[in-house]
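Order of writing sets the chain letters: A, B and C. Residues in each chain are counted from 1.
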Amino acid sequence: MQFWIIQSLNSLALGGLLFLLASGFSLIFGLMRIANLTHGAFFMLGAYFGASALRSYPWLNFWIAAIGSGLAVAAIGGVLERLVLRRLSEKPLGQVLVTLGISFIISDACLVVWGGDPIPVSTPALMRSPTFLFGFAFPTYRLVLVGLAVVAAVALYALLDWTRLGAMIRAGVDDMQMTRAVGIRISRLFTAVFCLGAGIAGMGGVLGGPILSAYPGLDADMLPLALIVVILGGVGSLVGAFIGSFLIGFIYTFGSALFPDLAYVILFLPMIIVIAFRPQGLFGRRPA
Amino acid sequence: MKTSNVFALETIRLCKQFGGLPATQDVSIKVRPGERRLLLGPNGAGKTTIFNLITGDRLPDSGRIRLFGEDVTNLPTHQRAHRGMSRTYQIITLFPHDTLEHNVTLGLLALRSSRWNIFQPISKDIHDEARRVLSLVGLEHLADRPIAEIAYGEKRRVEIAMALAQKPKLLLLDEPLAGLSSAERKSIKSLVASIPRETTILMIEHDMDTALDLAESITLLHYGKIIVEGTRQEVISDQRAREVYLGH
Amino acid sequence: MKRIAFLSVLVAALFALLPLFAGDFYINLGSQIMIAAVFALSFNLLVGYAGLTSLGQAAFLGLAAYLSAWLTTRAGLGHGPAALLSILGTILVAAGFGLIALRASGLGFLMITLALSQVLWGLAYRWVSVTNGDNGMTRLSRPQPLGISIDSAASFYWFSLIVTLISFILIAIFVRSAFGDSVTGTRDQSRRMSALGYNVWLIRWITFIYAGFWGGIAGLLYVYYNKYIHPTSLSITTSAEGILGVIAGGSGTLVGPIIGAALVTFLKNYVSSYLERWNMLLGFVFLIIVVVMPDGIVPGLHRLQAMWRARK
C-alpha cells in the first residue's frame, strides 16, 4: 500500500513539473507555430542557475532563486526570439532547426560552466520534515510541488481567460490572420509569450531541483517527455497540457518502478493510442 | 451501356457545418450525364464547400453523394479520381518549378499503374500524350517552360488541361474564369465549350454575366442553400435570383 | 540516368585511389564521410524529396547497429544472417513508426519522429541487460564479405565506398522513377496530388520505410567501422548531424547531402582534435546555415554559377 501511495505522489510531483515544462511549450507552439526544441535546455538552464546560486549563496531563499532563475531564462528566451527566431518568421522548418541548434549551444555551455557533476538542490528548510496524512508520511516538498503546479495552471488559465494579453493570445491561436487584421502587435505578443514559456520552464527547473538536481543531460531527459505530453494532450491546449502532464507523470513513474528497463517504451504506448484515434491529441483543435 | 436514369452526380441532402456556422444546408443536386451545370451564387454562398464535399476534401456532416450511381460519400479523394472525377482549383495549384509538360504528365500518371514503378522513369508515351494535351489547349510551344514563368491566363489553361488529360467523366471547374482578362476569358470559354459530351461539367462562378453562356442549367446558392434551380432562362427571370444579387 | 551511373562510378574510382596516397587517418576520415553520406542520403529522401522533415532518422541507424551487434554477440549469428535480420527488423520498425508519425504532418510529424527516436534512445540506455546501457557494446567484429577481410583501414574504406556507390545509384534510380516523381509531387502540392488520384499517404509511407532502410544500411556501416555501439548513435545529436549535412549541402539534390555530410564530418573531426565542444559548434553551424544559407551549398553554387553567367 505504501508503495502505491508513494509512487502516486511521485507521479503527481512529476506531473506537476511536466506541466510547468509542457505548458510553455504548448503555448509557444499554439501561438507561434514554433516547435521550440530549446525548451528542455531552458528547463536545465533554470535548474543550473538556481542550483549554483543556492550553492554559492546558502542564505538565498529557495523561492527567490526559483523566481530569479525563471526571470533570467525568460530574458534569455526573449533575446533569442528577437535576434534569431524573428528573422525566420516565414520558415517554420528553419525555426525548429535553429531552436535545436540553440539547445546544443546551451547544453554545451552548461557543461563548460558547471562541469560534468550534478549539482544537488536542497529542499527548502521548511519542507524537509514529512507531512503526516491518513497515517502515512509524505515528503512535504512533493506535495507542495503539486500544489504549485495547480497554482500555475490556475494562473495561466486566468491569464488566458481574463486578461487582455490572454485574449490576444487566444485570438492568435485561433486565427492569426484575423488577429493581425484587427491590429494587434503580433511581434510583441510573440516575444511576450516566448518569454513567458521560457520563464515558466526555467522556474520549473529550479522547482524540480530538489527532486532531479541539475545535471548535464537534464535537457535531453525532459524534452521528449514534454513532446509526448504535448502530442498526447494536444498542441495549444492548456487543459491538454495539464491532463497530459499528469497522465504521463503516472505512466512514467509507475512504469519506471515496475518495469525499469522499459519505462520509455511504456511512455510511448499512450501516445500511440491517442494518435491512432485522435491525431490532434486529446484536446487539440487543429489536426497536427 | 448507361441507363438514362443514372445521374452523373447526385447529392442527397448534403449538410456541413464549420464550428457552428452552417456552410451547406440540405443541398440536393442532380446532374445528368453530359450536362453543363453552373453553381452560381455570391461570395460566401458555399459553392466551394460543396465542391470540397463532392471531391472528398471534406466529409459532410450528413447526406450522401453518388457518382454515376455509386455511393462515394465516404470514398477517399484519390479514389474518386479513379472513378472519373477531376477538378480544377480556384487558386492555381500547379507545380511551379516543373515544366508545363511535367505538370500534365503528373496528371496522366496518376491513373496509371506505372505510378508505382520505383525503378523506371515515366515512360515516353506519357510524355508524348502530355504534349498532345497541351497542344489541344494551344500551349505546346510552352511545354518546356516552368510554370512559374508563364502568364496567369496560361496557367489557368494548364489547370484545365491537367484535368482534361485524365478524360474525366465528371469535371469540376472551380471559378475557371477568375482573374482573367476578357480576351483570356473568351479563350477559356471556347475551350470549355469544346469539351466533348462524354464529360459532364459542373462549374462554379460568382459573376453572373460572364458565366451564363457556358451553362445550360443553373443552381443558385445563397448561404449554403439552394434558392433556385433550372435552365438559364428560368433562373435569370426568377425574382429570387434578382434578390440574391441586388446587394452584390 | 546512365550518365549519373557512369559519372558516379568514375568519381568512386577516383576516390578509390585515396589509400595509395594518404595515411590511415585520412582513410578513416573517408570511411566516416561515406557512412555520413549514406545517412544523409537516407534523410534527404524524407526531407528533400518527400518534404517530410524528420528528426528521428538516427532511430534506424542505431537500431540496425544494435540489432547487428546483439545478433552477432549474444545470439551467435554469423554476419550475413545478422545483417539481413537487422535490416529486416529496421524496416519493420520503420513501417510501424511511419504509421504513427504520418497521422500528422508538418511540425506534428517532426515532433512525433523525434519523440519516437528518443524513446529508442531511452530504451538503449535503460535496458542494460540487452544493450549494456551507457557502456555500450564493445569488441564487435567486422564481417568478411565474400571471405575478404575488411579489418584494415584501406579495405574497410573500399568496402564502404562500394556500398556508398550502390546506395547512391539505387537512390538516384528511385528518385528519378515514376514513383519518385509522385513523391516530389506530394512534397509540392499534396492536395492536388490527392485530387489527381495519388494515394498520398501510401506514397509517404513507402518513402518513409525506404528512408528507414537506408538509415539501417548506414547503421550497419557505422557499427562495422566502429566495432562498438553506444546509445549516442540513437541520439538527437546524430539526427542533427544528419539533417545538417542535408541542409548544408542542399536538400532535394542527389549530390548535396554527400557534400554536406563530408563537410560536417570534416568539421567534427577537426574540432574533436582541438576542443571538446563539438555540440556547441554544431549548434552554431546550424544557426549560421539556417539563417544565412538556407538552401544549402549546392543550390547556392548553382545560383553563383547562374549569376556569373549572367554577368558575362
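As a working rule, a contact is a pair of C-beta atoms (placed from the backbone, for glycine too) under 8 Å apart; a residue touches a chain by one contact, two chains touch by 3 or more.
These numbers come from a predicted model, not from an experiment.
Asks: Of the chains shown, whose Cα centre falls closest to the middle of all protein Cα atoms?
Replies: C
Asks: Counting C-beta pairs in contact, which comes out ahead: B-C or A-C?
Replies: So, comparing the two chain pairs, more contacts are at A-C.
Asks: With centres defined as the mean of C-alpha atoms, identify the chain lying farthest from chain C.
Replies: Taking each chain's C-alpha mean as its centre, the farthest from chain C is B.
Asks: At what distance in angstrom does the C-alpha mean of chain B lie from that of chain A?
Replies: Taking the mean C-alpha position of each chain, the two centres sit 48 Å apart.
Asks: I'd like to verify one number: the distance from the centre of chain A to the centre of chain C, where each centre is the average of its C-alpha atoms, in whole angstrom.
Replies: 32
Asks: Mind checking the centre-to-centre distance between chain B and chain C? Centres are C-alpha means, answer in whole Å.
Replies: Chain centroid spacing, chain B to chain C, equals 43 Å.
Asks: Contact residues on chain A for chain C in the complex?
Replies: Counting only chain A, the residues touching chain C are 29, 33, 35, 37, 84, 87-88, 91-94, 96-98, 100-109, 112, 220, 223-224, 227-228, 230-231, 235, 260-265, 267-268, 271-272, 275-276, 279, 287-288.
Asks: Hey, which residues of chain B end up touching chain C in the complex?
Replies: On the chain B side, the touching residues are 55, 57, 76-79, 81-82, 86-87, 89, 93-98, 102, 105-107, 109-111, 114-123, 162, 166.
Asks: Looking at the complex, which residues from chain C come into contact with chain B?
Replies: 1, 173-174, 176-182, 185, 188-189, 191-200
Asks: Hey, which residues of chain C end up touching chain A in the complex?
Replies: Contacts found on chain C: 53, 55, 100, 103-112, 114-116, 118-119, 121-123, 126-130, 235-237, 240, 243, 247, 277, 279-280, 282-287, 290-291, 294.
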